[in-house]
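The structure that follows is given in the form of structure tokens.
Naming follows writing order (A, B, C and D), and every chain is counted from residue 1.
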Amino acid sequence: MTGEQEKAREDIANRLARIAGHAASLKRLWDEGRESREMLTQVAAVRAALDAVGRAILEQEIDHQLSRALVYGVSDEASRALKEALDRLL
Amino acid sequence: MTGEQEKAREDIANRLARIAGHAASLKRLWDEGRESREMLTQVAAVRAALDAVGRAILEQEIDHQLSRALVYGVSDEASRALKEALDRLL
Amino acid sequence: MTGEQEKAREDIANRLARIAGHAASLKRLWDEGRESREMLTQVAAVRAALDAVGRAILEQEIDHQLSRALVYGVSDEASRALKEALDRLL
Amino acid sequence: MTGEQEKAREDIANRLARIAGHAASLKRLWDEGRESREMLTQVAAVRAALDAVGRAILEQEIDHQLSRALVYGVSDEASRALKEALDRLL
């Protein structure tokens, strides 16, 4: 793995750790009886963070599949993998 | 709180607990080096669960605001609160 | 219909007319061979306008159902209708 | 353009033509005074069709950029273009 790829992996790990903490706090806020509007704001914030990390994982996959296509000199497998990755997220 | 409202609160608490567990597992899967396609499937699953709980909270708010409007005999405040709740989710 | 409701109806009619025009232009841009990135920007813009008009229709429905609940003095039917409207949009 | 690419272009053109027709019908339905729930169903249907055509355009771009990367033997430009395309849609 290159330094850049390692940094990208770490960035995603950090985002996922923050999302886990944020998701755990949703349960606490609910148990404390917070207002619906506050709950909805927090739910939307966690969802936005999930969207962002999903995009980051997909971007990493784009680079991975482009490298594979160049190594093997063919694009069929990379094309199929990227479309499948996209399908899972959208 | 009526029995039905209490059941709705509990249902939302249970969903939030499951979402927290699922979000924590995302971090673990990433640290284990799972494939991007599996990660994206799991990210999409947590997001769908968040969407569903957000909708459940909003439905609870609809009932709460309708009751308030009937008690006070006016709808302005309930209208404002529901539109604000919707804005936060969408 | 009150003046305010009539204005809300007109606002939605105007938004829908603009969306129809924008959607028709997507086909023209494609036939002219515009770049994918420009197409995707325009597709996202039409989608955002659709989301906004859907929200406006839902807000109108909120006011309609709150008025009905106050007229009849019960909220069951209004609650059911609003949740169904929400389901269709989300 | 290969036969397959030409077919993909035509498929997208057909989808965009249907979306334009569907979007125009939204305005007509509204002017006829259709119920909110019917309007919301139709708005959601047009939005789903837009999402699908956006995905189809992005898939075409994936193939285009993979081909370019293989022709030039480098992936930087293709990586940048695909991430930008993704950003516009998401």
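One rule holds for everything that comes next: contacts are C-beta pairs under 8 Å (C-beta built on N, C-alpha and C of every residue); 3 or more make two chains touch, one makes a residue touch a chain.
Labels paired with UniProt names: A, B, C, D = Metal-sensing transcriptional repressor.
Everything numeric here is computed off the predicted structure, so don't read it as measured data.
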Between A-B, C-D or A-D, which shows the same interface as B-C, counting it as a repeat when over half of the contact pairs match? A-D
Chain A to chain B: how many Å between their CA centres? 20
Between chain A and chain D, what is the separation of their C-alpha centroids in Å? 23
If you average the CA atoms of chain A and of chain C, how many Å lie between those two points? 30
List, in ascending order, every residue of chain A touching at least 2 other chains. 51, 58
Among line, ring, star, complete and other, which one matches the pattern of chain touches? ring
Residues on chain A engaged by chain B in the complex (per definition of touch): 9, 12-13, 16-17, 19-20, 22-24, 26-27, 30-31, 36-37, 39-41, 43-44, 46-47, 50-51, 53-54, 57-58, 60-61, 64, 81, 84-85, 88-89
Within the complex, which stretch of chain C touches chain B? 51, 55, 58-59, 62-63, 65-67, 69-70, 73-75, 78-79, 82-83, 86-87, 90
